[in-house]
Every structure is written in C-alpha cells, then in structure tokens.
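Pasting the structures in now, so scroll down.
Here come two complexes built around chain A, the first alongside chain B, the second alongside chain C.
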Partner chain A sequence: MKDLLLTEDQRDALQEMMNISMGQAAKSLAQLIDVQITLSIPTINEASPDDLVEILNHSDDTWYARQSFLGQIKGEVLSLISKEGCDAMAELMDYDKPLCDAQTQELILELTNILSGACLSGLSSQLELKSNLNMPTLFNSLTNGKPNYNWATVLLVEVCFSIESFSFNARVVICLEENSIVALKASLDALLS
Partner chain B sequence: MHKPELLESLLRKLPMGACMVDKEYRIVFLNDFFADRMDCDEKDVLGKSLLELFPDQARFLKKKINSVFILKNETFSYWEQRPHIFNFLSSRPVTGEESLMFQNMEVLPLMDDSHEVLYACITIQDVTAQASYYNDLSKVADELELEHKAQASLISKLKDTQSQLVHSEKMASIGQLAAGVAHEINSPIGFVYSNIEILQDYIGKLVKITQFSDKLIDKIGQELHLKLKKDFFERHEFDYIKEDVVDLVEESLDGAKRVKAIVESLKEFSHADAKHWTESSLIDGIESTLKIVSSQFESNVTLHKDYEKGLTPLFCMGMQLNQVFMNLLVNAAHAVGENGSIFIKVFSEGEFQKVSVRDTGIGIDAKNLSKIFDPFFTTKPVGRGTGLGLSLSYNIIKNHNGNIDVKSSVGEGTEFIVSIPIKHAKE
Partner chain C sequence: MAIPVTIADDSALSRKNVRRAIPEDWDVTISEATNGQEAIDAVEAGLADILFLDLTMPVLDGFDVLRYVKGNHQKTVVIVISADIQPKSVELVNSLGAFRFLQKPLKAEELKQTLHEVGLL
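Let's look at the complex of A and B:
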C-alpha cells in the first residue's frame, strides 16, 4: 500500500508554495481583467470518494467544469463557478451581452481555463514538475447516487477566488491521483532536504 | 538531414493547423495545413497581422492571444461554442453536407529560457466529422424527445378520457339504480304518507273523544267512577300518551315527507320526468329560481347580480336548468352561512352563455373537489342534503352539451360556472 498521507512538513511546504504562486497568478489575472481579486489561503486535504461526492453535489447556483492535466503529475482540476456575478464577469472579459447559451458556456470554459491554468502552473513551476492542461469541459453535477470511482484517495488542493464588487466567486480544486501524490511527496522531500 | 530541419518539416506536415504569432499578432510561421486552408502561400502572409487577415474573429483572437502572453498558459476554444473560428472550407467537400470546417483551437505559449512568452502558437484541429456526427445525433435525440413528449401527452389524454368514461359509466349505472329504487319506493311511500296524514286526523279526534269522556265522568262526580278512571288513566299513562302521540305522528309525517322528497330527486336524477325543450332566457330562469330559494338566504347575506344585457333566449330545458340553478344557489347559501356575499353573473363568451354562481363561503376541500359531482356525495349534515344535487346538475348540463366547472379554495369561497352552448344545445 502506498503511503499517500502528507507529513506536516510536506503539507506546510506545499501550502506556502501554493500561497506564493497563487499570489503571482492573481496578479497576472488582475492584469488581464483589470479588477482586484481576493484569494483564499490554499487548503490541502486527502479526500475519499465520499468527500468528492460532497463537493460535486448539485447546487442550482453553480456552474461545474473540469479540465484534466497530464505530465509528471496527473489529475483533474474542478472549477465550481458561481452563476451570480457571471454577467459582470462577462462584461469585464469583453463579451457582448446578453449572453446566449453558447457564449455563457464559452465564458465558463474560459474562466475555468484561466483559473485552473493559474493554479496548476503555480503548483508545477514551484515543484518543477511538468504538466499540461487539456481542453476544459462542462459537466453535470451529481444529482443522485454515488459514482463508482476506481480510486480510494485523492489529494485536493483548493483555492477560492472572489471578486467582492459583484459577488462573484469560484472554487478551484486540483485533484491529484495516487501516483502523482507519490511524485509530489518525492519532489517536496527533495526541496525540504 | 539535420535535426532542426527534420522537426520543422514534421511541423509543416502535421495533420493539423499551426500558426505562430508575436505579441503584435504578426504571423511568424504558418504550417502547410494552415496555409493550404487559407488558400495562400506562407511567404505572402508572413509578417502580416492575423487580426487583419481574419477581421470577423479579430476581437476573439486578440483576447485569446493576449491571455496567452499575459497568463503564460494555454487557452482553448471548442467547436460546440464557436464552430468556425477561421473561415476554412469543410474537409469533406464531396460527401459532407456542411460547407465550413468545424474547429477546435488551442493557443500555446512558446517561452524562452527566462520564462517569457515569445510567441503564441495557434493550433487548429479539424473536427468536422465528429461535429457533424454529434450534430446528427443531437438532432435524432431532439426528435426522440419530441416524440416522447407527444406520447406522454397522448397517454395523459387517454387517462383523462378513461376517467371520464368511468365517471359517465358510474353515473349511468347509478341512474338506472336510482330509477329502479325510485319506482319501487314511490307507491308504498305514497300510501304510507297519505295514511299517516289520515292517522294524524284520526288521532286528533281520538284524543278529543277521550277528553270529552274524561270531562263527562268528572261532571257526573261519582267517587267510585272517578277513582276507577284515575287508576286506569294512571296505569296506562294517559297524560303522557296524549301528548306524545301527537309528536310521534308529526315526526313520522315529516320523515315520510323527506323520503318522498328523496324519491322525487331520484326520479329527476334518472330523468323519469319528461324533457321539455323550449326557448327560454337564463336570466328569467335565475330570477324565478331566486324567488323560491330566497328564504334560504340568511338576512346578512348580500346578493350581487350582474346580468349581461341583450342575451338571446336559449333553446334548452328551462325547468331542468332551474333545478341546476337552485342546487347551486342553495349550496352557496349553505356555504356562506350567516354572513357573506353571493355573486350571480350571466354573460356570453364565445359560443357559450354562462352562469357563474360565486360565494364567499367556506370553500371545498381539495380532496373533495373531485367527488362533488358523484351521486350521494355530501358533506352536509344528515337530513340536509341528499348528495344528489350536483350530480343531478352535472347530468342536466351534460344533456345540454354544456359544461359545469368549479373553482374553490378553502376559506375563500367557491365559484361554479355553467356553460351552455348557444347553438345546438340539443343534439
């Protein structure tokens, strides 16, 4: 059985790194859309399938999107984007209003890509682990039942973005699969030693 | 061949479009796929602005390229949201039905050693085949969905029809039963009733006769006879019987009268009576009915009438319609009790003349609403309603090819709307 739990030191180091890199990401984001973005402190948790189901449980006021990444670390980034504030966001990102369905989807996918990209490149550049994002897709949240996942543990690195002036918020969760957790731990150890 | 040349030749021959631009959106590289679809030579467009070459998508491309330079991350576009970024012709000019190529786009940052973005590389994937297939599939899915909806509505219609059928079947069998019962009971209750009437007269006389003999014995004043009389009367509780017998007969007469009334209703319900079709006015019908039932209204109940002027008389069974109005008005009177309002409205709407009877009474419980037209269904206290009024009304209105509708909410009141077709009320 693989040891998938992070030690306290590893966790602290990862959190600190994420914090620094997310700060940089927020800066470039602010440059792109010209608005002040508030970031939460990144949280790091091991999660079971039940924990993930809780995150993906359906809520009417949220858009759900996911984006997979491949490379030295693999997994998926989930974005939970509030429907509230999306119109204001569209304006900032130079979309014509009112948004039609396709444009709304494009906006959500664009936001997902920007936010996931910022988070993932933060993580991979600090740890010197290469990984590439694939195309983002929208998906339906879970409305009933628990899917049959074929894993027992994933590592969730979560950051919340918010823009207070129009109550927009987005939850970005990087999910690392088991082999990548091992790679991550090795990379953290190398940095700590 | 040297390695970089090999790589460049691979890049040129890749089965997907690749186009590199600098920060100013100027084209610095174009592979064969891209140049071929643009129908130009690479050298003719090198150094030109991509935005000027594709003015329709300039705003979108500018946004995408800027984001790559600023965020140093890839950005994507998917055919479903934006099918034709570049106006390239379809890759299936012969067998395909679409005229433009469906494209997925990914814009990649190309960075130098100091992690600065030098160029943005636009890659285009031709997904025409998948997109067309997906579009066909969704079309089929839409058609299926439509069919499914049509089926569902048909099924619900069927269910409605079935329940109507069951209802009318029930009404018909109850009608037959009622006719039978009415016929059987009618003559015995007739003689029972008239016998009790005669009995009432006889009893009165008998009591008088006894009182007379009582007085006679008193007048004669013989002690022995007086004692005998007193003893006899006491033993047979004459004083009590004398009073009770009158009440008993009266109650029996009352009961028999009620049974007669029920039998009458049953006869009406089963249409034992002849049907007279005549030209008559609904307003006249309402007015004459009001004369009969006004005694049912408590003094604090106000009556509001709203009759449309110039309504033509209808060819209908006037007496039967009056029966309907009477039922509705009596029900309204019972519903409002001591305080409230009753609104009567007669008006025409489309091919119907309508009578609305609305009250501000107690309303009908939602669970009872489906049963109110069922025979023998009543919520009134025993003896006050037969449960036949509304089912009788329902049948009468159906015989006119009309409708009777009800809206009710508990605590607010009830409205019955009777609709009678102006033409062809009679088949």
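Let's look at the complex of A and C:
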C-alpha cells in the first residue's frame, strides 16, 4: 500500500510552491490586461476521480477546459473560467466585440494556457520534476459525457484568480495521479531536508 | 539592544527561509506571525520595529496590514516578501509605504543587500 497522504511539512511546502507559481501566472496575465488580479491561498486536497467528475459537472455560468500533462509527474489540469467577466477580459485582450463562438473558444483556451501553463511549469521547476503540458481542449459534460480516469487517488492543488471590478474568476486545479504523488513526496522531502 | 523583528507569513517553510536569510551577526529578536491579524498584533505589542510581510495571507492580507501600519505605526519598517509580483501589486505596496519589495523565493544575499541599502545593517 502506497502512502499517498502528505505530511504537514510537505503540504506547507507544496502550498508555498503553488503560491510562487500562481504569482508568476498572475504576472503574465496582469501584464497583458493591466489590471490587478487577486490571488487566493492555494488549497491541497486528496480526492477520488469521482470528485474530478464532480468538478467538471456542467454549470451554465462556467467554461471548462482540460489539459493533460506527462513526464516525471503526470495528471491533468482543469481550468474553470467564469462566463461573467469574459467580455471585459476579451476587450482588455484586444478581441473584437461581440465575441463569436470561435473567438470565445480562443479566449478561454488562451486564458487557460497563460494561467495553467505558468502554474504547472512553476510547480514542476520548483519540484525539479519534468513535465510536458498538452494543448487544452474545451470540455462540456453535457456533450462530452463523463471523463474517464483510471486512477484510484488523486491530489488536487487548486488556486483561484479573481478580478473584482468585473466579477471575473478562474479556478485552476492541478490533479496529480497516484504514482506522481509518490514522486512529489520524495521531491518535497529532498527540498525540505 | 536587539531590534524586534517579526516575520509574517502563513507558510512555515517561508518563515523558515526568511529566518535563515537573516544575517547571523544582526542583533535582532525574531517573532513570527501566521496571518495579517497576528502581524498587526505583533506591531501593537512592540515586536516589530521591522516587519517582513507576505501579501497572500488568511484573516487579513498583507495589503490590509500595510494600510494599518501606514495609518497607525509609520515608524515600523516594512519589507514585503511576496510571490505576488504583478506590477500593480508592487505599485500598491510602494504606495502603502513599504520600504522594499522582495520577490519569493527569497535569496539571502538579496535580503542582506536590502538591509544595507535601507541602513538597517
């Protein structure tokens, strides 16, 4: 039986790494739109694939994107972007208004790339574990059906970026599959020692 | 006499990093705070002539602490150590009277140099 639970020190260190990674992600986006983004305190939770299915469960007010990553740590990044605030965001990012479906899709994928890309690369570089992120795709549980995960346990590392002036928020959830949790714990221990 | 210094950060690892980066020959008494309210309490209790302050913290964040210190304890020297490196966050920190903004992860050499620059070492 693998020990997949994080110790308090490991959890604290991972949270701090995620804090640094999200700061870099926010800087990348803030430089594009010239607006200050409010950062949440990262949360870390053990979960089952059912919990992931639950996170991706359709809600009318949210865009969903999924993106897998492979390497010394493996898993998937889920991005949940509020529909509210997307118009204002599009304007700041120089999209033509009104947004057609194709442009909306492009906007969501661009935001996903900026935020989840910086979060994952920041995390993997601090952990000194290589990983490659695939292109994101939009996801809708009503038309795409339930996602299929062949993992028993996952670790969810979640952050939230929000912009109060136009009610925008984006949740980025990094899901690590169980073998990666073992690699993560070893790497955290090496960095803590 | 030892200078009272408080490290305010919700991460134990991060507080430890700051502690390690503080020059050994600097005569200070170090206290710790794990959220913004505790940081304000430390300032009120006279434990923070110098305050190393994180921005993203629970209860009250670092921006709230800066506002409070600016309004009530202008002699407190605040050095912000944060991962929130957005240009607008740095601007806001400066406008709220912080002495310096240092980026996480903190480098010991950079802290030492900063302490020299602001005349604390």
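We take it that the second predicted complex is superposed on the first by the 185 of 193 C-alpha atoms of A that agree within 3 Å, B and C clash if a C-alpha of one lies under 4 Å from a C-alpha of the other, contacts with A are read in each partner's own complex, and residues count from 1 in each chain.
Keep in mind that, in the parts below, a residue touches a chain if its C-beta (ideal position, glycine included) is under 8 Å from a C-beta of that chain, and two chains touch if they have at least 3 such contacts.
These numbers were taken from a predicted model, which means no experiment stands behind them.
Engineer: Looking at the superposed three-chain arrangement on chain A, would you call chain B and chain C a clash or a fit?
Structural biologist: Verdict on chain A: chain B and chain C fit.
Engineer: Is A:T62 in contact with chain B, with chain C, with both, or with neither (first, second, both, neither)?
Structural biologist: After superposition on chain A, A:T62 lies in contact with neither partner.
Engineer: Can you pull out the angle centred on chain A between the C-alpha centres of chain B and chain C, to the nearest 10°?
Structural biologist: Computed from the C-alpha centres, it is 130 degrees.
Engineer: Considering only the touch criterion stated at the top, classify A:Q103 as touching first (chain B), second (chain C), both, or neither.
Structural biologist: After superposition on chain A, A:Q103 lies in contact with chain B alone.
Engineer: When the two structures are overlaid on chain A, which partner does A:P136 contact: first (chain B), second (chain C), both, or neither?
Structural biologist: Touch partner of A:P136: chain B, not chain C.
Engineer: Looking at A:M22 after the superposition, I want to know if it touches chain B, chain C, both of them or none. Which is it: first, second, both, neither?
Structural biologist: second
Engineer: For A:Q31, select first, second, both or neither according to whether it touches chain B, chain C, the two together, or no partner.
Structural biologist: After superposing on A, A:Q31 lies in contact with both chain B and chain C.
Engineer: So, A:N179: does it touch chain B (first), chain C (second), both, or neither?
Structural biologist: neither
Engineer: Which holds for A:D12: it touches chain B only (first), chain C only (second), both, or neither?
Structural biologist: After superposition on chain A, A:D12 lies in contact with chain C alone.
Engineer: Once the shared chain is lined up, is A:N169 touching chain B (first), chain C (second), both, or neither of them?
Structural biologist: A:N169: touches no partner chain.
Engineer: Nearest CA pair across chain B and chain C in the overlay: distance in Å?
Structural biologist: 12
Engineer: Do chain B and chain C land on any of the same chain A residues, and which?
Structural biologist: 31.
Engineer: Using the touch definition from the top, list the residues of chain A that touch chain B in their complex.
Structural biologist: 28-29, 31-32, 93-94, 102-103, 105-106, 109-110, 113-114, 117-118, 121, 132-133, 135-137
Engineer: Can you list the residues on chain A that touch chain C in the complex?
Structural biologist: Chain A residues touching chain C: 9, 12-13, 15-16, 19-20, 22-24, 26-27, 30-31, 34-37, 39-41, 192.
Engineer: List the residues on chain C that touch chain A in their complex, please.
Structural biologist: 10-14, 56-58, 82-89, 92, 104-105
Engineer: Spell out the part of chain B that touches chain A in their complex, as residue ranges.
Structural biologist: So the residues of chain B touching chain A come out as 59, 63, 66-67, 70-78, 80-82, 104, 106.
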